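Below is one structure, written out as structure tokens, with a few remarks after it.
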Amino acid sequence: MEIILIPIIAALVTAGLGKRSNVWISTLLSLIPLAVLYTYFTRFGVDNGWKTIFDLTWISENIRFTLGFDGLTGMLLLLTNLMVPVIVMAGIRDDENRVKLTALTLFMQGALNGVFMAQDGLMFYIFWELALIPIYFITLTMSGENAFKITLRFFLYTFIGSLAMLASLLYLFLHTANYSFSFEALRAVELSRIESIWVGAGILLAFVVKIPLLPFHSWQADTYTHSPAAGSMLLSGIMLKMGLYGLLRWYLPLAPESIEFFQPWIIGLSVAGVLYGALIAIRQKDMKRLIAFSSLSHVALIAAGIFTLTAEGLEGGVLQMFVHGVNVIGLFLVVELIEKSTGTRLLGELGGLAKSNRSFMIFFMLLALGTVAVPFTNGFPGEFMLLKAVYMYNPNMSLLAGLTIIFCAVYIFRMVQFSMFGEGKHEVLSLKWNEYVAFGILSIAVLLIGFVPQLFVDVVHSSILQIVTWVSEAKGVLS
Amino acid sequence: MIALFITFFAAVVLLFLGLNKKESSFSNLAVVALMASSICSFCNAKGLCNFAILESWVPANMMLFGYSEHMFASLLAFVAAVIVFAFRKNDNLGTDQLGLIMFSLCGAFMMISYQHIVMLFLGIEVLSIPLYVLAGSKKDSLASNEASLKYFLMGAFSTGIFLLGTAFIYGGTGSLELEMMGIKPSFMHAMEGMPIATLINAGLILMSVGLLFKVAAAPFHFWAPDVYEGSPNRTTVFMATIVKITAFVAFNKLLSTFGGIHNTWSGWLCVLGMITIVWGNLAGLVQNGVKRTLAFSSIAHAGYLVMFLLILDESKTWILWYYGFAYALASVLVFLIAHQSATDKNPVGFDMFNGLSKRSPWVAFALVVGVLSMAGIPISAGFDAKFYLFSFAWQSSPWLVGLGLLGSAISIGYYFKFIKHAFLVKVDGDETAVEYNDKGLMMLIAALLLLAGAMPWVLLKWVF
Amino acid sequence: MNLLSIFNQVEISHYIYLSTVLFSIGLFGVLFRRNAIILLMCIELMLNAVNLLFTAFSTYMGDADGQIFVFFIMVVAAAEAAVGLAILVLVYRNTRKTDVSFLDQLKG
Amino acid sequence: MLTLMIFLPLIGFLINGLVGRFLPKNVSGWLGTAAVLGSFILAVMNFNALTAEAGQLESIHQKLFTFLHVGSLHVDFAFQFDRLSAVMTLIITGIGTLIHMYSIAYMHEDDGLYKFFAYLNLFIFNMLVLVLGSNYMMLFFGWEGVGLCSYLLIGFWYKNVDFGKAARKAFVMNRIGDLGLLLGLFLIYSTYGTFEYQDLFSRVFTGTDASSNVNTAIALLLFIGAMGKSAQIPLYTWLPDAMAGPTPVSALIHAATMVTAGIYLVIRSEAIYALSPFANEIVMWIGLSTSILAALIGLKQNDIKKVLAYSTVSQLGLMFIALGCGAYTAALFHVITHAFFKALLFLGSGSVIHGMHHEQDIRQMGGLRKKMPITYLTFLIGTLAITGFPFLSGFFSKDEILMSAFAHNKLVFGLALMSAGITGFYMFRMFFVTFHGTYRNHHHAYEKVHESPLLMTLPLLVLAVLSVIGGAVNLPHYLGEGISGGLHHLLSFDGGGQFSPILIYPEHAIELSHTAEIALLAMAVSVFVIAFLYTRNKYVVKGSVPEADADQQGMGKVLANKFYVDEAYDMAFVAPLESASDVITEYVDEKALKSAVDGVGTGGYGLSKLLSKIQNGNIEYYLLYMVIGISLLLAFNLF
């Protein structure tokens, strides 16, 4: 509970302090949950299944305020509470929006923590919506000209998805023995195959919009491009993971009978999305757009991996969620800093920044390499596992999905080339302490996961095992 | 019953007491009276006090105040009190409008507690006739006149329809008492030449039309946007909240009576609900006026509430109560802010909210809470209300629930406009001075909505 | 022959048809006339059709409720007419017209 | 010791990478060199331990930690020092040390010297991981890692946009190969369930796990990887472009070590290839065509490094021919000798370029032998070695390949011989034009041309010696059984373990009579002599100068333009891909998908407008709608 409340209180404090708060204070505030998370890990461990750590009567006796913790949750909490400080530290410009943006980011931290911990269907839904609200404000009030249209599209998309999910959850809720929304009760509902497909479709819709998978992605690029950096980072780095987390935590256990039906579709769409995003990214001129489509491509691969239902796919997927969060936040941070100092983020107008700041170059390169999934950077183990999982599902699919490793190299290095190399067009790009620290955290994450991925995989192992058990109990068969 | 008495006498007193004084000087009295009604009803429901002597004055087969009727009376009186307080700065000469509001409320009390169709009819009329007058109370405003005349003509017309239905039902069931109506049909089969089934079906449809007109359900909603727009704000809120809730309570009572033959009416009612949801939400999208938008929003909410009618479970009345509570408070809040924000230059359009977040951030916050509650976004009371409603309506009308969800999504389109103008459009201007009382009221309502949203179980346990 | 028995010889369905027809006349009047006063009159006609029906039912079933209801309807109709005319006067004062089709300021 | 050997270069990289910019240039350079030298010394020690007379070991195995253990996937971060790795390690660290040393002088003017050495060290580390990994995943780590370093080093002078482009081209082409390799790995895992060489090959060897089709598929997929890394058709075009990097890089990465990773991969996977004759044929023919194609193109190149690059591609092709013929020892032998003389040639060309102040066009050179005697001499040795001057290293290794080809297929032999012959033409052409004749550069005074410093010439001398005696590693049979076939014996050592030798299948016995062997030798030598005489006549005696690219006619033009392969690739892959990207962006993403989404919105708004028109303000209509509604309700429910 603390981990949800503290950021929200921090948000209020920040809003209350107004102009008097500064980066130091916000960063410190955003770091507190990390300490709390540490105590969670030590207190509850990651090998005991998804156990309840907080419980309170809420809407009714059986619709409770229940929080759970396990490795999967822990992993995503780690991502959230490690990355939000990075965003707060370095991703928010010191302009008139700073206070508002910081407060909203902190608020979102709380909401996201709630999403990842909720053990009650309705609570999950509510936190899911709650997490939407700050980002919706960020895009609405700080993304320039077309803000209204962009935000509306984004919001409608996600809202329709959420409603579909709510409908499915309601359906399950009404079929529980005692009108309970608890995860266990929802899971215990016996559905026929056709029911399961409908329920699954509803739940899936919310997640595929958020992930986003191929035809549901039109909100993404514009939202990323026009939001302030912190917004893009929150969205791509953490919020997308809500969708993937939802797949693992809510879709698979709740509608296992429908998996067989959706599996080819989702994997097909994902692989198509992998190529689609990569293809588009190749020619983008705006760095943010490029990253947006790159993200589309990378996340689709995670979805495909998860849907193969292999251990590699599931655990690789979780690892890659974390990794993608780190990388994409890092890249957006890079773009933000470039834009802040040069005033542009169009590749054609940039060049030669490598000369002006070596450290920046190194950080950028590390993050780029992580994204390209070069061995010993964080992208590699996850991508390897995911591609292997897809291969196990269907070798031809993995050939197609594997093309991403080529395309990704093309567009990422193209971005590096045109922004960093060549003759210098802009003079200085200097980093401040907070940006050094932020990049430091990101770089450590890149290398640490690159060298010892097993450390992170071990965290989620038993959770994934539990999910696999749930699914296989219901389906009777599983690879 | 107690609410009815207090309100009635207070209305009479106000009518005579303040004949030549400004209305604002007596609005506090009205608020006190309404709050007293509300509290007394609540206490009565909870058994904290007993006004048996009053009950005995009216035969139980005409009007009956049970637990839920008391609760609804309490809610309505409370909402009315809030409305009167919120719009208290009315410099009308004479307290006749306050009196009319309270008379109208008396009609509402009759409608929620009727046991006999006569009382329903009288309730409707007592509710409506003052409203016809109130709608036109801005005498020199053509819009107000038009609203008034439209409301009156259509209202009278629908009364005619309603009455024809009543007559048919009377013919079909042989009684006008609710209890008897429910059981009579079989008994009446004996009589020659009476197409009983047809009479009951037709009668029910026609009576429903009368009530659907009051709640503004499609295709009987056409009056609502025009009348909402033309009427003075206070009247509009009154119509949007109290009339709607009351009509639904009454409607529910009527339909419950015919619950045995629900297969004859649930079909078309469901279809009407669907049309209403779609129509209200879609048509709301292109509205430029704040009040018109809210009118369509209220139409859409009527559509959602049709789900409630189809649940047909006496024990689920609390859903309507909670929904009414959330909806009414949110409406009052948004209307109040719109009322406060309207300028001479721009009395109707969304531009009135421009830059509200800068001009007075707390008001903007309250606006967001109100609008999000209407839209049904967690953690506002509106969400919980919709949640209860949709989840319990699923069994009886799954398609309507599906459409309700879709409608909620569409509705974001226009609820969004409020936030857009309040937060996105920047204007250069000074802070708007909002009186502390008003600001306090807004924050209070917003807080209520949020608290009720975050902990609905606490509220419901307390109330039901 | 008792007057009542003459009534009784007429089948109840005839009353239903008659009042329905009367009601429809009123209804169509409302639909097709534009003068607000005539509209009011047509509505009165509708109400009176209902009154007739109530009375007939009441008589046939030997139940007094219906006839009592008729009184209420008449009272309310009178009140409505009074309010309606007052509103009409108000409108007339502002527009110099009693034609409802000109009242289309509020729309959309 | 093994771990230290591998990680020393990484330590060098870290020091140079993190604090290099605060160090003096010489310190940086020597630090980087020392790291590799240390590694080399340790490699020698390890090699001795492995082959010590008393108690020979098959391999030294060292597991550091579990890299990944998920589901059925288990990957150890582990090293295996066996005989094949040992040979590769010695080449990498040995030649690496020399080139590092050379670079200290070569790069001394560059501000980014520390960065250069950091990258070089990183490369060495990755290369060591590649050859020393105990499983295919480790190989893949190194494989990608060297690709990355190659990218970084080709684009080392990042201000030049073209260099950056070349670097990206190299990386992307390598990645295409990597995809093949990756899929190969997946197939290996799904077939045999392990990546560990020892387990895997013993499973392959017992031969019950998979059909030969699967093995063929694995072999071909792995070969795609090898194509990318070792610059074979169709993925060879990056290597000539990669010459954009500093010359030591070309010597180290694009001649001696990285590009031979493909050969290493195939040798390593001998167990699998041996089961698939079809895959071998493919390997051989690809190698053959690459070899000839590259040699032909090499004939008309005027950039000194480009000539060497095509020569490298051609030589790599030769090695693949050997692999395809099953002559694994011959291939590895050629890898070794090629590393010596090609590194020598590149460093020599670097010396020339250094002396000429970054002039690379041989048409601008001439008569350099007087000014740069040591370079001249060593370059001569290199040229002789590569062209197959008898009893130099290249002579032996190349002949072994030719003989195995002869034993395998006479046609292949003929073509391979042709390719080897062309080598002589372009190498001597370049050599004569550069060092003989008259000086032709008018921008840069002849007097200013200078011999390179000792730091650069010393590695040249060492490599020259190696190029001369390198053949001793694996002398042919006809020189006597006692001293011949050293490498082969080394590799086929059987320590009696679970899975012992590198080469578990006997090589196709080259059972040629001595007459045939000598006849073949004679053919090879005569081709060499013809090439030497022809080019000497043309460029030294007649003193003609190669035409500029633009002046080429007919076939020469085609050759100078490299058979228009780059242009063809542009047309066939790059342009369609880019236009596909544009089309998808504009039509699918913007127009179709977004407008589909927006269309729903627009449709909604349209409907909304319509509904709002219905609300026309006229009460007559409202009443009519109501009545219609009522009528419909009644009609549907009563009739």
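Letters A, B, C and D mark the chains as written, and numbering starts fresh at 1 in each.
We take it that a residue touches a chain if its C-beta (ideal position, glycine included) is under 8 Å from a C-beta of that chain, and two chains touch if they have at least 3 such contacts.
Computed from a prediction, not measured in an experiment: that's the story for all the values here.
The chain with its Cα centroid farthest from the Cα centroid of subunit A is C. Contact tally for B-C versus C-D: the pair with more C-beta pairs in contact is B-C. One finds 27 Å separating the Cα centroids of subunit B and subunit C.
Mean C-alpha positions place subunit C and subunit D at a centre distance of 98 Å. Taking each chain's centre as the mean of its C-alpha atoms, subunit A lies 43 Å from subunit B. Between subunit B and subunit D, the centres computed from C-alpha atoms are 79 Å apart.
Among the residues of subunit C, those touching two or more other chains are numbered 27, 30, 100, 103, 105-108. Counting partner chains per residue, subunit B has residues 149-150, 153, 157, 161, 225-226, 286-287, 413 touching two or more of them.
Across the assembly, subunit A contributes 156 as residues in contact with two or more other chains. The full set of touching chain pairs reads A-B, A-D, B-C, B-D, C-D. Per the touch definition, subunit D reaches subunit C in the complex via residues 612, 615-620, 623-624, 627.
Interface of subunit C with subunit D (complex): residues 27, 30-31, 34, 100-101, 103-108. For subunit A in complex with subunit D, the residues that touch the partner chain are 153, 156-157, 215, 217-219, 221, 276, 279-280, 282-284, 310-312, 315-316, 352, 354-355, 358, 362, 369, 374-376, 380-381, 384-385, 387-388, 391-392, 395, 398-399, 402-403, 405-406, 409-410, 413-414, 417, 420-424, 452-454, 457, 461. Within the complex, the subunit B residues that touch subunit A are 372, 377-379, 383-384, 387, 390-391, 394-395, 401-402, 405-406, 408-409, 412-413, 416, 419-420, 423-424, 455-457. By the touch criterion given at the top, residues 57-60, 63, 122, 125-126, 129-130, 133, 137, 140-141, 147-148, 152, 155-156, 159-160, 163-164, 166-167, 170-171, 173-174 of subunit A touch subunit B in their complex.
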